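The two complexes that follow have chain A in common; it is paired with chain B in the first and with chain C in the second.
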Partner chain A sequence: MKKRLFIAILLLTMLLPACSGKKTETNADAGSAKGDGAGTGAGTTVTAWAWDPNFNIRALELAEEAYKGEIAVNLEIVENAQSDIVQRLNTALSSGTPKGLPNIVLIEDYRAQSFLKSYPDAFYPLTGHIDADDFANYKIEATSHDGEVYGLPFDTGVTGLYVRVDYLEAAGLTVGDMTNVTWQEYIAIGKQVKEATGKQMLSLNPNDFNFVRMMVQSAGQWYFEEDGSTPNLEHNEALKEIFRVYKAMLDADIVKLNSDWSQFVAAFNSGDVATVPTGNWITPSVKAEASQAGQWRVVSLPRLQTEGGLNVSNLGGSSWYVLNQDGKEAAAAFLADTFGSNVDFYNTLLADVGAIGTYKPGIAGDAFDQSDDFFGGQKIYSDFTSWMADIPAVNYGIHTYAIDDILKVEMQKYLKGEDLDTVMASAQAQAEMQLR
Partner chain B sequence: MKRLKSIAAYVFLVIAALISIYPFFWMVVSMTNRSVDVTGGRQLPGTYLMENLNNLFGQVDMVTALGNSTLVAVISTLLTMLLTSLAGYGFHVYRSRRKDIVFNVLLLSMMIPFAAIMIPLYRLFGRISQVAPWIGIDTLAAAFLPTLTTAFFIFFFRQNTGMFPEELIEASRLDGLSETGIFFRIYIPTMKTTYAAAAIIAFMNSWNNFLWPLIVLQSPAKKTVPLLISNLGSSYAPDYGMIMSAITIATLPTVFVFFLMQKHFVAGMTGSVKG
Partner chain C sequence: MENSLKKHRVGWFYIMIPVLAIALFYFYPMLDALLLSFRSGMGMNLEFVGLLNWKRLLSDPNFITALSNTLTYLVIQVPVMLVLAMLMSVLLNKESLKFRGLFRTAIFLPAVTSLVAYSVVFKYMFSPDGIINRFLMDLSLTDAPIFFLSDPFWSKVVIILAITWRWTGYNMIFYLSSLQNIDKSVYEAARVDGANAIQQFFKITMPMLKPIILFTTITSTIGTLQLFDEILNITDGGPGNATLSISKYIYDLSFKYTPDFGYAATVSYVIVIIVIILSAIQFKLAGEKE
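Take a look at the complex of A and B:
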């Protein structure tokens, strides 16, 4: 009987290695081995983590095709959801176990500072590999720490106001009436459109502060002072104005509330809203409803009536980072040769993926001058890139999403009738408590 | 009056059943619709089933993920049941005051959330990788090793061992059966129903496990189904028809295991253990 138990245990221990399968050949030789140039596919293996197969992953694939550097690079792209990348990076870096981490990782700009500050030695500075002046100013601010540039800026989240021409016309208005307006004017137009068509002006999710973040940056402000860690809420005039605008929009009954991303997309795909103020990355989702071709235009974002309020802003966007481990030189060289300097590559990126880069010499090519029939022949990409140049640079700090959570609660209090200064003071106190 | 009461009860139950089954209905229906229709809230079956499935199997490696998940779930379920039932049996049959203290300490470990031990655990596996790469980071074995012996299952088996008649043990000892023999030849066959219930829970836990596999499995070839589904929703323009197809497929094995084990489960409820 004991024999049988022994055999059973023996079998189990043999099973364990079996499920580990054939490993090691993938990342065993990541790094160290200098590329021998001549060999095809025998170069340094560089692993990259990114999300979205149609956007970031595709961009990496195009970069691999475009790469002509001296060090032979074997790019291995691993697709991960963004939240999954954040979780993995945090666990691996805070446990001090870099095994299995990639060479290149995509990080959203809002989260970049928290990684750079929390794990100062984990990332490899790219200052010597790229020329920071070549990139949109606001991107460099987001990807730098202690005077070094750590991220190679990738896509822009330059914003625009997507508008339905047919709804505007039904209200006796033109696209020109929506151009370079303030949010107050926007609300007034919204009422007219609602009266004429019965359609709401925009769709908002009270639990998603994309809208607020977009507006804050349009005034050159953020949730923090310039140091990126002192909360700046109580005396932040831009933020207060946003709260007022938000309430005014709800009071005017021009908002269709949504509770998640799919409802947000549905709101404009089904024709329930007349405008979509958001980042340019929404373009493919707008175009997904082919029956609305020709009805959409993109104009500049409405501005806040505060000091420094502009008709441009940014929402989201991310950048490439190199981890400070074996293979970093090859990874940095790969990025520098493609995203960091290749003008033609950026043309391909736009034509193939619809990605607008933030590399200034790269955004002037032919692809950016194309007109788009879906948008009534408008050259939307050249519009987006011209707005991009004016996006105010702000320090996103290390706690953007934590402040979001605080403000969401305070916003609801304000909408229920509490005094604006009181809720902002409360938000400030909470932020100082939590983020000390 | 009595009839009226039962009608009311039925109406209530029917409504409750409809509410709980609705998400499943919508999931299956959405599997046959385009992404635009799904976000638009279409409730009727469409004609895009094949297209969604083709997209799913064409764009992502669903087959590998299903294989990985099955391998991990089956092995971890079997090992969990063997190890935790041995422990539970031991705690109950060879009871002593000191063992009870050990058991209570073990129960306390149920209070510690996984997130709290995640980072030390990852560190541990980082070390393991250096000496035994075949069970280290980025291996399927690493995905289930930490969850094999949970206090919950040891507790579960210890409690259920109370139903196991001690007389059987004594009789077996008199007949000259060894202690391990009693466990494997008397205890396991008698406690089939307990094992069935544990198997359902263990399989579901393993099949749906997300956080730890997410951290420890890194290469695409090692992905399990929950990790793959998490990826599908990550794009700026997610394809909801495809995601719903993947989720429907991911739900099937759990349903299958439940119905397979249900017979034993029910048999256990009607009392198969004779004193």
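Take a look at the complex of A and C:
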């Protein structure tokens, strides 16, 4: 009897995950069935992969509505997690066949060069379809290879410093005191805020180098020389300064550590931190906590005290790529007619999804001049677009994430007390040996 | 002779099907991966580099850390887990124990949960404001939350706890089933001779379980060497590379960084070599003659 009960419970528990597995499967089926249903009309079927239903997938849907090109296009949008897209592209392209891959795919700018160099001829150049001068300079740098533009730049990762006015006021400070500051000044203010409110200044994940990448670009530098492949770590003054700032922030005890994205978001939604220095794409997450309306402002990012240190930078952002297979002309035409030239579309994009594009004529519309009550009536979008123009263009190269992982280890050593020049030399040596 | 070949022709035909399938789907990829391990390059642009990948391996600090982390998990976790599993199975085999079925189910249940799901639960349990930290602080064992997942030492501890929780019940089932196959008369005879419980365990139970102990040791060793899901979901290899395992490093080389499938294949062959060596040692120690 007992045995039978045991087996029954066992079977039940094994069935439960099986059921949930089935459920997601039918969801996926339903999704593609819907796509098929929409694709019954005449025209070329164009598949597109993206990862965020509230952001880039929504943007594709809006683009489909806005599309008025000559070639009839049936757009089929498939949602995949970003890491799944990267994996699928790598497996399919390395097997030498684009079978099963979409026509349009969204790729993060940091990874773009890696794909373009690893799989030559796998992507279809868009040089003839768009005018590269119409887009933010730094985006074209990231999406080009061998003189051809392969990516149609999508969103910008222009950065800002989100600050809590109430916490600043509690410390006797104003938003003006936080504007155009250096990181050293930022740390000094952080100490004051902590003393007055007991709140930490920012939340960081030691295993996520977003913060470092954002700061290094603000000085017009990257992990590599301009060629995108020679590691530039040992003598990279900007990078060294970032390490010093990072340590100083931890020593000043103004950092709330997190270990994943949801904890990072929770840190500012719960009011535990006074500022969030990051890309503008965090705006919807900040606004998600409606009870904090009116308390937030956005000022320019603090700058590094090194040569060329600016108060603007970029963090993340992605672009659309067309795969070199049947349907590429239709896919390119679709992108060129919407993301590549439609000014009104960019206004809709901002009003509907809050996405700031990188198409210069498109970011001057009325929607960008609106004030936002959540940010105390500040015109945050026009601020962001004005900063965007100054973002230094850098070559992200092909090994960004590999260098990230090398630096993470060296950062831990440095925080434990090793000499800065030693850890940087060690990082340089590893990078030179491992990456070629 | 010729006659017997003819007689067995049908038998040979039947056996050829699985042999061909295994050759095609196991041995061919293994051989191909071995050839791949002598090539290197980005994505599609692979070229033959001879032993360069193997040289790179020896001077790759990331690989060495991954290897030493994996061996740390192996050396600490496998013995702890197997001893626990053995202990529990002996306890749960006691006829006098009430609700045996319930306890067995409870201990075996972790083994049927999804690897990713339980990893995420562990991650949240050990987060700075997770249940473990709140528990420790409520008991005044610590003043400030312990940053389990941001500390090189504690993050390893969390990984070991997680895999022990997940796999102990699984191994327990093997012990339990073979315990039930031991003839009760052996124990009765021992009791008549005046052997106490501890003597019975070491002189009867352990020797009788020897083949199963060997089996669980080998499967657990291989399982730990292939540790991946927990690392990716709980710590993502961090902080730094303090919890990086070999399998996670192979994943990074293939999918996170600019893909170098050749070097990734080299690293994966290291696991093969280690598994072969460790299995050989375990067979030797267990004294299997065949």
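Note that in this section the second predicted complex is superposed on the first by the 396 of 436 C-alpha atoms of A that agree within 3 Å, B and C clash if a C-alpha of one lies under 4 Å from a C-alpha of the other, contacts with A are read in each partner's own complex, and residues count from 1 in each chain.
One rule holds in what follows: a residue touches a chain if its C-beta (ideal position, glycine included) is under 8 Å from a C-beta of that chain, and two chains touch if they have at least 3 such contacts.
Values in this document were obtained by computation on a predicted structure and should not be read as measured data.
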| item | value |
| --- | --- |
| Chain B versus chain C as contact partner of A:173, first or second or both or neither | neither |
| Chain B versus chain C as contact partner of A:79, first or second or both or neither | first |
| Touching partner for A:132 - first (chain B), second (chain C), both, neither | neither |
| Which superposed partner A:207 touches (first chain B, second chain C, both, neither) | second |
| First (chain B), second (chain C), both or neither touched by A:281 | first |
| First, second, both or neither for A:99, with chain B first and chain C second | first |
| Which superposed partner A:87 touches (first chain B, second chain C, both, neither) | both |
| Touched partner set for A:263, first chain B, second chain C, both or neither | both |
| Which superposed partner A:425 touches (first chain B, second chain C, both, neither) | neither |
| Overlap of chain C and chain B interfaces on chain A (superposed complexes) | 2, 5, 17, 83, 87, 94, 96, 263 |
| List of chain B residues in touch with chain A within their complex | 35-36, 38-41, 59, 71-72, 75, 79, 82, 118-120, 122-123, 125-126, 129, 133-142, 145, 177-178, 180-181, 184-185, 211, 214-215, 218-222, 227, 230-231, 233-238, 240 |
| Chain B-facing residues of chain A, complex | 1-2, 4-5, 8, 12, 15-17, 19-21, 23-24, 26-27, 51-55, 78-84, 87-88, 91-92, 94-97, 99-100, 261-263, 265-266, 269-270, 281-282, 284-285, 288-289 |
| Chain C to chain A touching residues, read off their complex | 42-45, 56, 59-62, 65, 100-101, 104-105, 108-109, 112-114, 117, 123, 127-128, 147, 149-150, 152, 235-242, 252, 254-259, 261 |
| Chain C partner contacts - residues on chain A that touch it in the complex | 2-3, 5-6, 9-10, 13-14, 17, 83, 86-87, 90, 93-94, 96, 114-115, 117-120, 122, 206-207, 257-260, 263, 398-399, 401-402, 405-406, 408-409, 411-412, 430, 433-434 |
